[in-house]
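Okay, here's the structure, questions in a sec.
Labels run A, B, C and D following the written order; every chain starts at residue 1.
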């Protein structure tokens, strides 16, 4: 992490902006859902912004990430544009996945996002494989695998940790422990200790306050550097919190967590509020400047929504395109029609 | 483990007998293979006898085990008869699985053996489920899950350890670390520490010399008792060695382990030899008595082989029986013929 | 006496009745207890039966599937809840290498009485990993029974039969039908596995539809009625066992058949049913058997594309019309 | 110039040639390096290409399959070695939810150029968990290509094409054929995925056999020759894509067909091929299409039982004879 405050104002403000951008995206997405303008449902990243931003600001465009069902934040933090993200969310042709992926598979592939994943824990192998490529091809990029506390229950992660450790791969497993998997508190489904699980494979493990974007960024920057020097893999457990329900329709959730708990996190540990206050107290930005950023991004998001709502759906002929690379239309191809 | 030497002579001699019985079974099985009288191939338990016997002598007939591709030893130690085992090995109707299972699925189900398994690590869930039944049904049995060092690479084990720990199930995970998985030394495929992996889930872990039948038996007896008192699950790593190749055809194995290493284990750490010497030095049995046991069991095994060779194969009509419980013949049933 | 209840209620009732009847029946899966699953199908069960019998698991499908297999081998009768049919891939080893083969490999000595409840169905805008209909995979594996309830009535009767069955049974519910109501008797009833239902009689074409495609076939039959074409509608109800007799009897009468299913068409279950008809009713057929499965593409998210991938009543009716009128139909 | 080499050598040559040609090709799996797999198919490759490119893994099929998917998305072209086809169940999620769908779900932006090499085939006395032929499972999943080499010649040509393909391709080798020799050109060649081979011409019945069942069909054709019956033998070579044209062309000529495969018959690939023939060559067929798959039971260990579960040349010939002579055949 950069040391010199004034020289780093720009970096700080970029982090602030990115967090605000994620929140604006999610607020609009939620609204689209409530207005029945979004197909299907979605999982809000609101509350966890410091994790995605703190980590992705430590990465270059060359670096790779894998993301989750709660992936809008990762996607934006890694460099995606609001407009093309809203297009994807609405199933429009201009979306990052041409409308074929939607919320759970959203990814700005050009910025190194290897995909959100609707299989909990399903990307642990993909991230580790990307790290294997880096090592084999002599490329210097790092891969970050984002996943939730609930995903630590999946055996796949243990299998790939073993290989990552044996082969010293440049991969960082970043567990966003937001205290819940769906409607279940983490301690009901996690025995023992998450950091000990990584350490048992000889993987260095860290715990970080996931609401403190600078702490996250510092840890990620150091570990990414060490990965590049061949000291990987690493594990980070980031304590964080999701403000909304598990998904947009998860409204009555008193049976698994209290309104008081939610209120406390929002009041005391909001990553954007707290970072904003710090920026002011350190003299990096005045209150008005931050308000200006907020409103600029608000406008940007509103315009992006408008754009996406008006954008066209993919044409019907696209339905059997992109099944196979190098094959225009899959259906005739699969019946043996020569290409 | 019983304390009083003389009062426990019987138990000691039973352990000795059981180890000798396993070795005799395997020597005969190997010979059947070499004489092309055994269909398929098989994995010899020779060298690891103290593990199966030390553990199974700590169990009652009510207690359950799950076994592996290297499962003859577990099966005999849990109470199976030589004759019906050879019948199974040769695909005969009288075999424990009516010839349908063979070496890799051999099990004396009536003595609590839930099956050998040809999927490495595949029985971790079954063992844990048997423990769940014990708890739910208020039964006092313990389940031991046998598996090799190589099986610790499978994610399933981590998934079920988590649940066993959360639910405090009476299951003992017994890892027979014989130094190799197939043709690969364990340290090339295991990062970190096996005991730490169990401990990370809050599971108490033990390391025992798997060539010392009394040490194994002591540990297993204590942990089984504690399981019955609700203190499970537990993990035991047992250091051991297989004398033969990975399977009967694995003859030229210098490229992965040296003849010297093999010779050293056989000379210094043979579980039967060393226990036999201890029995003599403690005055439990004279050399001649042990030799008598050896030859009795040798005769028993030879007779069992002879019996099995002469036993009939299952009738052709059996081929579609036992596909579904309660359905005599599966083929007409699957096409909708009423039962 | 019947009353209209939803498919979700039917499932809930079936489980509650069987859990009352037999103490060894347990429920196991992710968020099955207090939450009653994301689809709320199991709401209320934990209140009646407690967390000892309604067991929330971590997100570890292979793990809890394996645990269920072991539990079934040792005296429990687990009902495994697999939240989405797409997660079947994760439990295939425990289901197909272990549960399906244990009875056979043990020469009949061990058995695995368990039910795997999961779902199928697209057009929910859930994209490629939450929309698959994967019943063909398990129907192929000897040792598994496979049921496909097509309404609340079947859902309850088949599930109760499955819970009492001594073998592993996989049940696919259509997740889009959970709120659909159908008449269900007040009294207890079971539907035996392996008996197809003739839902509507007709003499010119047989429409065979599984799960929600039964409803598609019924609507197609209504459309065809308007054209003066009499369509017979059959719901196989179970794929394993498959009530071949009822299907063949109908086709031998109508001489024409269309098989409709929401799994991918290629190497899917329409192939098996069509192949059996084509072989065993060969001399009765006046026209080729037409297959209509889901399009052979991963399920796309965009509504503009997703809706193209699933058979519709109009499509079925159009194919039936062509068949009856003797117009050559070569692709669905 | 051709010479006779074993299927095992053919696979080894294909991999060696492609690894020389393209530095991004890597091999990954259990005991693939020094041991060269239990079947010794890969012997010598680690000596030439080193452990950086011939990578031994722990026994973690889901894990190394997932790693291969990620590696394929980022510039490598992994050849995954899955020691037994029975372990497919373990990798289904990474193969079918991830590899098969990535290109589509990303709107064509990401791709997964990998080959999964595995095997099939019973009668090796390896019992139910080491003898399965599970190609039907993956053939059903859009986004995967599936190849079934039937001799050393196909094994080499199809594997080379698969390695160069930009999509996930699953190849099933028959583990009982590794030592079987066939003529293979000295010169480099590739066999395009999606082209069936007509191995023998005949006018009275078409025998379609995949993998080793091609040999069974060829031997059946010889038997039939003795009866004066001319059988045409077709090897589809790949299931996805399936060269429908060649198959239909033959059946339109012979008017009769038998489809033979070593996967379980029920809901297996004989159903798809038979259903397509029955539908698309309907007006040309003189008799029902007969399907002969492996028996629908878990593979038994005992030789006395196992040998009953797989189609034989005599069985194929008997069915063909009945077809040609117009004797009704209702079951294989």
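Convention: contacts are C-beta pairs under 8 Å (C-beta built on N, C-alpha and C of every residue); 3 or more make two chains touch, one makes a residue touch a chain.
Please read all numbers here as calculations on a predicted model, not as lab measurements.
Q: Measuring centre to centre, with centres taken as mean CA positions, what chain is farthest from chain D?
A: A
Q: Give the chain pair, either A-D or A-C, that is connected by more C-beta contacts.
A: Spelling it out, more C-beta pairs touch across A-D than across the other pair.
Q: With chain centres defined as C-alpha means, what is the inter-centre distance between chain C and chain D in Å?
A: Inter-chain centre distance comes to 29 Å.
Q: Express in whole angstrom the distance between the two chain centres, defined as the mean CA positions of chain A and chain C.
A: Using C-alpha averages as centres, the distance is 36 Å.
Q: Averaging only over C-alpha atoms, locate the centres of chain A and chain B and give their separation in whole Å.
A: Computed from C-alpha means, the inter-chain centre distance equals 46 Å.
Q: Suppose each chain is reduced to the average of its Cα coordinates; what separation in Å results between chain A and chain D?
A: About 40 Å separates the centre of chain A from that of chain D.
Q: Of all residues in chain B, which are in touch with two or more distinct other chains?
A: Residues 97, 99-101, 105, 117, 119, 122, 153-156, 159, 162, 166, 188-190, 323, 330, 334 of chain B touch two or more partner chains.
Q: Considering chain C alone, which of its residues make contact with at least two other chains?
A: 57-58, 60, 62-63, 86-87, 90, 93, 97, 104-105, 127-129, 142-143, 240, 266, 296-298, 300
Q: Note which residues of chain C are touching chain A in the complex, please.
A: Per the stated touch rule, the residues are 30-31, 34-35, 38, 56-60, 62-63, 86-87, 90, 124-130, 266, 295-298, 300-305, 308-309.
Q: Quick one: which bits of chain C touch chain B in the complex? Just the residue numbers, please.
A: 24, 26, 52-53, 57-58, 60, 62-76, 78, 93-94, 97-98, 102-111, 113, 142-143, 145, 165-167, 194-196, 240-246
Q: Mind pulling up the chain A residues that touch chain D in the complex?
A: Spelled out, the residues of chain A in touch with chain D are 64, 66, 95-101, 105, 107, 109-110, 114-115, 117, 119, 122, 124-134, 136-137, 139, 143, 155-156, 159-160, 162-163, 166, 321-326, 330, 333-338.
Q: Quick one: in the complex, what on chain D touches chain C?
A: 86-90, 92-93, 95-97, 100-101, 104-105, 127-129, 136-137, 139-143, 239-240, 263-264, 266-272, 274-275, 278-280, 282, 285, 287-291, 296-298, 300, 330
Q: Would you tell me which residues of chain A are touching chain C in their complex?
A: 39-41, 91-92, 97, 99-105, 117-122, 150-151, 153-155, 181-184, 188-190, 247, 255-256, 313-314, 316, 318-320, 323, 330-331, 334
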